[in-house]
Amino acid sequence: MSVFSTIVSQLFNGLQSGSIYALVALGYSMVYGIIMLLNFAHGDIIMVGAYIAWIMMTMLGLPPVIGIIAAIAGCTLLGVLIEKAAYSPLRKSPRLSLLITAIGISFFLENISQLIMGAGAKAMPSIISGSNFRLGTTEISFVSTVTIVVSVLSMVLLTFLVQKTKMGKGMRAVSEDMGAAQLMGISVNKTISFTFAVGSALAGIGAVLYCSAYPQASPTMGSMLGLKAFVAAVLGGIGSIPGAMIGGFAIGLLEALVSALGLSVWKDGVVFAILIVVLLVKPTGIMGRVIKEKV
Amino acid sequence: MLTVNDINVYYGPIHAIKGVSFEVRPGEIVALIGANGAGKSTVLKTISGLLRPKTGNIVFDGRDITKLEAHKVVRAGLAHVPEGRRIFLQMTVIENLEMGAFTKSTVSEEDLEDIFTKFPRLKERRKQVAGTLSGGEQQMLAMGRALMSKPKLMMLDEPSMGLAPILVEQVFSIITELNKAGTTILLVEQNAGMALDVAHRAYVLETGNITLSGTGEELAQSDEIRKAYLGG
Amino acid sequence: GCGSGGTNTTPSASPSASADGSASPSASGGAANGGTIKIGILGPLTGEAAQYGIAVSHGAQLYIDQINDAGGINGKKIETVVYDDKGDPTESVNAFSRMVDEGITGLIGPVTSKPTLAVVDEALTYNMPLITASATAAAVTYNADTQTVNTNVFRTCFIDPFQGEKMAQFANDVLKAKTAAVIFQTGDDYSVGLKDAFVAKCEELGINVVDQEGYSKGDKDFKSQLTNINSKSPDVVFSPNYYEDDGMLVTQARQAGIKATFMGGDGWNNVSKYASPADLEGSVYCSGYASGSTDEIKAFEAAFTAKYSGETPDMFSAQAYDAAIVLLDAIKAAEEKGLEAGSDDYKAAVIDAMKNTTSVGLGGKYSFDEYNNPIKSAVIMKLADGKETFSQMF
Amino acid sequence: MAKHDPHETLLPDRDMDKSPAIECIGLGIDFGGLTAVDDFNFTLGRTEIAGLIGPNGAGKTTVFNLLTKVYQPTRGRMLLEGRDTKNMNTTQANRAGIARTFQNIRLFKDLTVLDNVLIGLHNEMDYHLASAIFRLPGYWRAEKIARGRALDLLSIFDMADMADNQAGSLPYGAQRRLEIVRALATNPTLLLLDEPAAGMNPSETSELMENIRKIRDTFQISILLIEHDMNLVMGICEGIAVLNYGKIIAKGTPEEIKSDPDVIEAYLGKKGH
Amino acid sequence: MIKGYKGIPMPVRYLINAGLFVVFLVVVSSLTDAKVISTYNNKIIMLIGINIILAVSLNLATGYLGQLPLGHAGFMAVGAYASAIFMKAVIKTLPLGLSLPLGLLIGGLVAAVFGFIIGIPALRLKGDYLAIITLGFGEIIRVILLNIDSVIGFKLTYGAAGLKSIPKTTTFLDTFICVFLVCFVIHAILKSRHGRAVLSIRENEIAAESCGINTTYYKTMAFVMSAFFAGVAGSLYAGYIGILDPTGFGFMKSIEILVMVVLGGMGSMIGSVISATVLTALPEFLREFDAYRMVVYSLLLVVVMIFKPTGLMGTYDFSLSRLLGKPWERLTSGGKSKKAGDR
């Protein structure tokens, strides 16, 4: 294998995992943006999505398309449900209580999935299939390409949604001041539900892409993914959509780079070190806006 | 246009509003005055749906809005400029104004221009992030934003607070103008002198109860009021 | 429930027969006197290692139920106390202490090495017979700092160095490999232990280890590491990890273009469920247990599947089954001596019996070496047509 | 430097033998493109009460932020009792003698009224961490003195009986007064009050006026205040500076300011006050 | 007019506190000796003690300073390793009476040094960014411990395999002496000008600065102290469990401690104590439930937060003086107060 094609494949490796991180990071970012909650349960929603796809395809023997749709729909529903049941009663409570609730939900999802689905991993049938193609001398994986394309498309759509639609404006207003937003005629509940729906739908897409790349579903699969994606969101500037993208890709590429250099042992350490350096230089992340407090 | 019927409002165990009733007729300016902590802001918040009364009811424009959620109250044509302004600090001036027109399908340029002629200062600062505006600028923005929804009834909570004298005058003349152009106004003021000046009628709120009411002039003449609220 | 006096009438005694226990006339604090003998089963039933813990507890419970169904030992039923340790040393020690309170006379577990090391320390103070089915770290039975053997601790699994050396030898003797690469999970002592032993042995044998790649717990993406390995074109790739990761690794390796033979340790058992037959074809691993190879094993597998609604047992269940055999045989020996259950003598007798065990388990006849590790030869398993088949003893 | 003219001070004939409490020379600050304060020359003598007025957004609060070092000036210098404050931060500025209140009240809301004042007295106590941990006599002594002092300060505003209340639960007016007490506790030579009468009704305001005078007289400190209530400003300020668009457009006595056409045009409005 | 320190005078309060503490120690010790409290229960009680120190120390940074550090387990890890290495080295040479306190101190100090190194940059950030940066540091500590097994040539930390055969020196008695000392020190500081400075930063940093409080200094102080006590807890833990494993000090452990703090009520020491006790004991009570245990636990977390969002105790803090103040007054003034009433 030539050095060049090694580099190209490493780049693709990084982009593929990066785009999954980015998708998940977007969900984190959106939820954080609106209710200032580090939604620790977000990674676990992906896990549930993966199991839904598995049940559809393996237990019920349905075609992948159904699996995909069911996973996305299921995640969306779950996200909204969690918000309604666990987060909305805490609208006026201290933020840390909300955080602890999210942690509780995360534990709950992991353990209940284990009870229902068993502790071991379930092998996923292939969801997206297609033949690899060549770019010059390098073989490029079809799944990687699909993953990258789908992620980028989702992000473009999301950007449009937030910046151009009324719902998007409502989201910004609610995120700043719920009371004032209501006085503008914005339904806070609807807006927050909508945000969770979108964020969780992204998690659903993430689940599908993740399982195509790494075909297993297990109860704890979401926690590490969630943490990494969360780091990505912060690195990019939490609350910012392009930030989440940049953060996700940055972490994906960084991990690929570190592993490629044979330092994979230190991968997590390096990721966090970079995060720290970035935050120290730019305390709100790469794309984060500085919020000035007027005295 | 607005009838408040014997409402009781609680903050947890605190009984903040104890059976308040009053009404605002179409085309009026009604002032609600009272000392610190009398419950003026609470009344406004209850009307606009941010708080729920335990008992009593509120009728706006012939419709019972007691149980209506805040965002629906706005859609019914009632705007509330809250205490402490509550503008969107991280949005620019223009974005704040656009937010005011959220219930409208589009933001009309005319309306914007209209606001800018009322408050030229806002035009100068249109691209500035609202959080860095001075206190007075923020107050103008809050009023401007509420006007963007073209309300039938506008409730103002201490609009003159922190404003320069010249602006206080301006704000009150804007209030009168608005009223002349057909907007009904419910005004809460600490600056009782000015408020009674422009108001057709006024109510005095003391620790959760309405203790006095009458036309603006009547109250301005009243000894009690002079002593308690006009400083002399 | 069943009578207290050692009547062996109810064939279908419930698995963890706490109801039976309470029927015994003695106080609950008392050890296995009266009609029951209490045994602890400890391992992660929740959390990241839950699948191993559940496999172990199922395997052990299966044998104990079979014994109970056959009338128990010396007319006494075996009652199990099963606790979850989440794979966490603190939890494990707590749960163990509680089991001691509840009067166990022996422990099967813990499952993962770190909690086991912590529990072993405790067990020593009670001289509690302990047998683990899966904790592979060498230090579990032997304290290198004090150079003492933990006399009360046994296991039915291979120790880490053993398998690493075995596979290096196999690569040399059978596969005739000249170059090798390793991919392992950093921070996991099973994985690291096997890797270290493999690499050391390779050096001794003159196999050139061209690349060692690590990954972290929870990683699912190994492409970068595999791309690196691919660029060095080794003859064999040693992957001393557990089957879920191995499946993912092999799949991604083939995507990355690696054609080399994959080798692994006993963690590979069950790998065939997690990768395609084509990708796995030709891979080899060493194991203490060859699925479907003997009648006993077939019977075990059938019984397991019947009891646990269709689940197929893995290596851990099998080794736990064996651990239960070894422990119960030893208890039987102690019972036959007529010792008072739970007494220090009783425990000593159990330990003694284990030390000199001649039990026959699924993995063959057991005996323990000076370090209380099982002496049994490794089975080499080969992946062919998507099946894990017995290849040879090595 | 060259621009500075000592004769520009307010009420120059008072206390001129000593160095003034504060002296600003060509002070200015930009926010991005916006010049919030520019060429600010201003001197305040000891024990003067002066007012800073001007339209909304003129830069008054920004001046306070410059004086207290919340912002570092882009240009110019500031002398506090003759000492250049160049490298100070907010903390040091306070220790050097500047205390303030805030336009948007910034109390320690969840703490008691007494604790709020005790925090103001932080630097008046000097026992070490070790004395606190081991509860040495020094600790008890200092705490006792501080409590007494805090209660004394509170009684200036008749607030001693509220000492145990949570600061955030006080009525608005009381919160404003507490902020003043807290500022006083830091033992300043210069007290800056940002709209102390905001949200108070006329009778409360006149009471506040009395208190401000009383503070000056008791503590012999200088006071600079921002206020839009002309009754208060004209009632107690000995000198007034008017700011517009970041620049001083007029300085003088209340009488002079009241009749200054520029001030009427920009700030007071035709009605006058 | 102002209650403050009226009521029970200082030395008496101290005596009562110390007395209650000694009674507690004696009762538990003798119950243990009499086997009324089993070894198992004793172990749980010790673990409760360790967790109390962790929760109370984190509460210093979270509840009192108002920051949200997510790397508390990192400090615990550093302290645990430092003291474990020390104890392993000296256990044979130094008498326990000397090595044990030294070990605890070393654990605390090393953690404090890390707290300082991490605090200086981290405290420049605010709110969630501080949370994340401390999370990062915590993870880095874990990764380092995981990947180095020797330090400058000495085989010290044993990397992934974990540090084994640590002398199990921690006893019920020294755990609770530490609990008592930590609680007392934190309480004493909070009631001093230093503590009020810390609280003022939580309440409003800008206002604190303009009251002449050196916010950087006090932030760092609180943060370093919090790390120090976490290190002490780590040392106790090392001597309790006998084996250290880097993966046990990850992000989840930090979260576990945070849960204790928030559930107990931020800024309430008694809250931290109670919730550390409950959250340590609860999973033990739930042991019978096997795999359902964690489901129950997680649901309880959510339910408590929904119904008591400010935590079990809110910001309420237990005060002996408040509790006993009235009876004491009656006791001491006896007839006098009656006379006052007559008039």
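Letters A, B, C, D and E mark the chains in the order given here, with residues in each chain numbered from 1 onward.
The rule is simple: contacts are C-beta pairs under 8 Å (C-beta built on N, C-alpha and C of every residue); 3 or more make two chains touch, one makes a residue touch a chain.
Fair warning: this is a prediction, and the values are worked out from it, not measured in the lab.
Looking at the partners of chain B and chain C together, the chains they share are A. Simply put, of C-E and A-E, more C-beta pairs touch at A-E.
The distance from the centre of chain A to the centre of chain D, each centre being the mean of the chain's C-alpha atoms, comes to 50 Å.
Taking each chain's centre as the average of its CA atoms, chain B and chain D sit 31 Å apart. Taking the mean of the C-alpha atoms as each chain's centre, chain A and chain C sit 36 Å apart. For chain C, residues that reach two or more other chains under the stated contact definition are 45-47, 50, 186, 217. Counting partners per residue, chain A has 111, 114, 265, 268, 293, 295 as the residues that reach two or more other chains.
Touching of two or more other chains is recorded for residues 61, 70, 102 of chain D.
By the touch rule above, chain B contacts chain D in their complex via residues 35-37, 121, 125, 128, 132-137, 139-140, 158, 161-170, 190, 192-193, 227-232.
Looking at the complex, you find that chain D touches chain B at residues 31, 34, 53-58, 61, 103-104, 171-173, 195, 198-206, 228, 230-231, 266-271, 273. Residues of chain E touching chain A in their complex: 62, 68, 121, 124-126, 128-129, 131-133, 135-137, 139-140, 143-144, 147, 206, 251, 255, 258-259, 262-263, 266, 291-292, 294-295, 297-302, 305-306, 309-311. Of all the residues in chain B, the ones that touch chain A in their complex are 48-50, 69-72, 74-75, 79-80, 82, 86-91, 98-100, 102-103, 129, 131-132, 145-146, 149.
On the chain A side of its complex with chain B, the touching residues are 166, 169-170, 172-173, 176-177, 179-188, 289, 291-294.
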